[in-house]
Amino acid sequence: MEEAAKKSWKEKLNFAKARFKEGWGKFKALVLVQLKDKIDFSWTKTRKTRIQKTVFAILKFLVIALAVFGILNIVKLLFMIREEILSYYLVFLGIFVVLNLITVTLGLVKSLYYAEDNKVLVTYPVSSGKLFLSKILVYQIFEFKKALDLLVPVTVGFIVTGFFFGIVPIYTIIWSLIPLMLISVVTVLLGALLSIPGLFIFKTFQRLPILELILIVLLVGAAVYGLIYVITLIPINKGDIDIIRQWPIIRSNINSFILEFSKYIYPITFAFRAMVGETGATYSGYKLMPYTFGRFGIILAIAVVLLVIVFLIIKPFFFNMMTKTFEFEKKNITAEKHNKPKQKYVAFVGKELKLVFRDFGISASYLSVYLLTPILLLFIDRIFMAMDRSSTGDLIVFAINVLLIVLPLLASSTVISTIYSREGRAAYLKKTKPVKPYFPLISKLLFNLVLCIPSIIGCGVVFSQFAQVSTFDIVALCIAVIGFQYGHIFYSAALDLMNPQNELYATEGDSISNPNERKSTIFALVFSAAIAFISYVFFKESINQTKTYDIAFIKLMIIGIIFMVIMFILLILKIKAFYIDRQEASRE
Amino acid sequence: MKKSTILLVLVVYIISFFIVGLLGISIKSNYEMNYVNEILVTPMEEQIGLVEVSHERVELTQNVDEEYRRFENSYTYSIDYQKGLVVKLRVKVVPDNSTYTKFDLVTEPSDYISYEIKDETLVYITFNKRRAANFTLESTDGNKTPTNVSVLAL
Amino acid sequence: MNYVLLAASFAFFAIILVLARFVFKKAERVLEFVVAGLLIALFLGRFYCYLDVQVSGDWLHYTQLWKNVGGFEGASLFFGEMCLWFGMGANLFLLMRPFSKQKSSSWFVKFISLPIIVVSIICMNPMIKNMIGEQHNTFETMKVVEYLLPIELGGTLAFSVYYFVKDFKVRLPKVDRLHVGLFASLGMFAVMPPFIPAFFFGAGNPNTHPLDMVFQHRLLIYVLLIFVPLLIYFLLRRHSKDRIRYCLIFISLGVMFNFCFMNKYDCFLYPWKWPFHLCNTAVFVVPFCFIFKPKRLFYFTYFINVFGALLAMLMPNYDELITIFDPSVWQFWYNHALAFWMPLLGVALKLYDRPKLKQYFYSSIWFLGYYILVFVLNTVFTAYGHETDFFFINSDFIADKLGTFADKVFLMTYEFDIGKVHFVIRPLYQSIYFIVYLLIGFGVWFVYQLGFDIADSHQALHIKLKGIRQDKIALESILNGRSIEEPMDKDAGIKLELEHFSKKYGANKHYSVHDASFTVEAGEVFGFLGPNGAGKSTIIKSLVGIQPITEGKMRICGYDVQSQPVQAKSNIGFVPDHYALYEKLTGREYINYIADIFEVSKEDREERINKYVKLFELEASIDNKIKTYSHGMKQKITIISALVHNPKVWILDEPLTGLDPTSIYQVKQCMINHAKEGNIVFFSSHLIDIVEKLCDRVGVIKKGEIQRVDTVANIEKEYGTLEKYYLSVIGDTVTKAGE
């Protein structure tokens, strides 16, 4: 009987092992299939690509870390800051983690409940609990990958700097990464927990889109109000702001701010201490003490508890919450609607406006940039005006104004490089319509082309408040900026036309990494910097030769107009030559 | 806009501030400057209970010319602590025609004492507990002519 | 005396050349080389006997010229000056002739060199006066110049006459003559001695006191440094590689002589004065590369010299106190313009291939070799008391520009003695210098790649637009004066025609559809059958204008799909295999949008929309957003939008996929009714039963080839059922009716 009991105990154990093995196998397969779908592993196939990818990744890591190291050393040289360096890292970590939590929450809402692959994954022979855990794990792996891109190299840069400044011992460089990874895990788990109310909010916005609009208006309104309030705080007299003379007070204020900030973000301060160690009365800097490892243990325990809570809370509802997003509420509309004919070209523009205004995400981001750019310019100009500038300083301020007008506008219009591809397969059908492609394609740009103008005029008005220049100069500046903005819009549109990504948007949605957007962003950044530099040279020459800035503004205007015309002509020519040709290979 | 692009734009704003602040400021020559010789502190008229314990005046520069002599002052005051105590002091820079009349207040941060400069001539010190407030007032003209103040609220 | 020397020299060289031509025919080329060699020696001898008047910028001579500028003497001195300039070019063309088999080299000698030499002979005395000047160093130098020039002119005259006679029958086409002539004008800028622009800007003119560059100076620099090289590119790009090489050798040799103008022969005695700066070496390396074609050395100039020249032009290191008239300023700009432009032109004009990354690595090895050389020379010469600073690694010229941090690194030295000589090196600074330059060179490779991408895209655009223009001309000739709004085939009526249509995707070699031809008449329901990947969708997508046509023709109602796309599409209604709708619009909004594009009147659209919405039972959903629709509903919206303008040709690509039985029935009825009204219904499907029942004619396609186009009745007569025929064509077995 004992033997029989033992046997059955052994059988049970073997059975449990087999079940665990099977379950683990399914879980692993689930995670791998999601990873393979989302990440491109083709670089692992050949030795050459493996080496290339690894070398580039290491180089990127080193460049960011060295850049941080370099900047901190310059800060130390200029501002004689040494021991406070790591407290600045705390501020960076605090802001980063808070912003990341918001992004992670939104990302998890999409990934857990709205991802297209849910429709397929839910049909697999796995429990919803395993499915849920696999999604969390995949998301966590992505977060680790993202952390390696920015957070980890910046952290290494700070810690290495701290070591060279004699604030932390060398082994902190290795140790700090472990709690950092744990912070990432806790962020993801918190995000998963917050995804429940997040989903509720999402669904509410879906049901009542007006709420989303109200929220966006409130957020933008709050940002504008906040900025204007801060602007009123800026002193108005020349010479009131002087970094060099006022450095001690600025430094003291920064330290006070950090002290307050560290109290408000106590959990992150706690985690920061787990990374770098404790300060003490008998030594300067930070040291890893037993209490530090205690902190780490607490964070680990929190992570485990969160995991359990998240699993227990979400798992029962996961299946329901996930599948509900596939369902749409039907509204029976009984009010009589009419079929109103419109002129062909008006129809194109009308359709585009409807599509833009029904996608709050994109239209809101445009409007926020167009609204905030002149206000931010006002903010920074008020600061500049409170500085007692030399004649060189005036030139620098002028050039920087040009940069700070052009850069945000151009950076915001990088999304134009995805404008045709976003239509997915609907873009192909445009070609079947009996109309030349120029107007339908350009009509997609009209929203941006028109809406940027008030923003540019606003920037011109702000600039005129502070610069002793004539109205003609302001008009010339506005025309120049319009030229740059339009030119960049046409350039970005041409990028999308020549390298369409319709199939990717049709299958994967908005989450893809679009090479055209990257190119457009780099162009925007480099172009803005170049224009700022050229403006400086023009302003300097103009003031030296004629004692006014008129010639400089005229030159900028001419460059802007020429740039816009060239880009427009190139766009039209590329439409003429390549529009029909492109996108053909992607469908067969 | 991508997150990274927004961050980059914000970084450009910050860098612009420093570029102008460090490279674009006019440097006044010595001939144009009237430096602050000393900073004087007196309690405000309606400050009841504030007692001046001591005042020292130390010469910082050995200079024949009366105009260019600099002095460091040290003031110590005491007052009985009560909840919500605010000590108000009036600050004056000498000479009156100094190029930069504003002053900085430099102190260690504290949880229980807060400082406020009003109208560029008044210093308000708010006590939340029985403490001694120690701070230095410095001129902002590059010479950093100091005045040390201690207010004991016990 | 001068003319006696000239005549004697002419006679001497003429005799050699006549003997070479008629007596020693086998040694003709050798004797040509000998004569060329002698003339080169004479030229070099005369060349380096210029007095300091031109080199040091003593403008007293020019003052004389300006004083007499209105008179005969002034004019003759002016012509003498021009002959000094153009004579350089003429000599270079002439002395390159024996080494080149290019027809254009003969043309240069006949029409450029010979006339200039003749004019130079006339202006010989003013030329001598311009070379010697009002003051001269030594009696001997003066005499050398006085004697060498007439001897040289006699020799070059004989040589150019020789080639004139020898190449008399050599002709160039008219277009080539124009290009070559323009090149000769531009090429003269390459051989322009530094004192020429100084002269033109009034050097020595007692009424001008130049202090700094003005707008005209800058314009000249822009023209010479930017415009001229670009013009040379556009002139030469369509010519043969040999001609391009010849022209680039001319330019690089001309600039090399210009560069050497500033140096005397005695500089060979002073190695620390040798031109070892990076861009100075380019002056010699570039012509060497074009003449002897060493690839790796060329790419060294391409990666390393180009960037160095750009940096130098941005940060010129000549003394700021000297004016733009100083010859050293012009020498500086010429040197660096050559180092910058010539390697770029070599690749742009395809004399050298576009470099791959490995060429960068090879050029890095050359750079390392150069760096070690200049490092050693700098250290040794400086130790011996000469201030040598090749490539600026021995001075703080660069460190000064980078700030105090760089200055601090520069000051970290390592000193040691060998014998009595004290050596100083800066290991950290010089190592960082090397590494940074190397890394920037790597960055330059990316910039080049960007440039190539831009160039390629513009080239592709240009070719495509040219093709479009040619198509337009062809269309106009076919229309023969008719408007483009009229169909090509006036009598076509409602018809769908394919004529030898073929389609290749991208750069694929094989055809997706090959030589497809058939016609569909009005009132027909035409079914298109074939397995997956057979080419059905390819034909349909080409018909509706989603893809271009590779070969052949497609016509809709007489309109050519390729050349009259707008007119052809106005007759088409298309239902794709995957619905592709704007999901944020409502169904009604979408249909109205399509109706607007097709300019459907209000009455017609009301009638049709109401009819089809009722037919497909979409009344409850038509005003909801499309994203809330099921698959079937979306398909129905697509069908309605394809019918709202009552198209003459209704094309459907697998329209019944995903529809419920009722909807399938409704769609079939639509198709039948639409055809009954005299229109064409053309659709592809996998469902043989439906095709069999619905269609008047069917087409079967397999692997891009049309197997058969026939009526269903005929096929069934042969094979019994359409299915059997289809399987026999697509599968391996053949079963006819009765077997």
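A few notes on this one:
For reference, chains read A, B and C in written order, and residue numbers begin at 1 within each chain.
Definition applied: a contact is a pair of C-beta atoms (placed from the backbone, for glycine too) under 8 Å apart; a residue touches a chain by one contact, two chains touch by 3 or more.
Predicted model only: the values in this text are computed from it and were never measured.
In terms of which chains touch, the assembly is arranged as an unbranched chain of neighbours.
The most centrally placed chain, judged by C-alpha centroids, is A.
When you average the Cα atoms of each chain and compare centres, the chain farthest from chain C turns out to be B. Chain A and chain B have Cα centroids separated by 41 Å. Inter-chain centre distance (chain B to chain C, centres taken as mean C-alpha positions): 66 Å. Centres computed as Cα averages put chain A at a distance of 38 Å from chain C. Of all residues in chain A, none touches 2 or more other chains. Listing the residues of chain C that touch chain A in their complex gives 457, 461, 464-465, 468, 505-506, 512, 533, 537-538, 541, 544-548, 565-570, 572, 574, 576, 578, 580-582, 584-585, 588-589, 591-602, 605-606, 609, 620-624, 627-628. The residues of chain A lying in touch with chain B in their complex are 78, 99, 103, 239-246, 248-249, 252, 255-256, 259, 365, 369, 376, 380, 383-384, 387-394, 396-397, 400, 403-404, 407-408, 411-412, 414-415, 517, 521, 525.
Contact residues of chain B toward chain A in the complex are 1-3, 5-6, 8-9, 12-13, 16-27, 100, 102, 104-107, 109, 138, 140-142, 144. Listed in rising order, the residues of chain A touching chain C in the complex are 328-333, 337, 339-344, 346-348, 350-351, 354-355, 358-359, 423-429, 431-436, 498, 570, 573-574, 576-578, 580-581, 583-585, 587-588.
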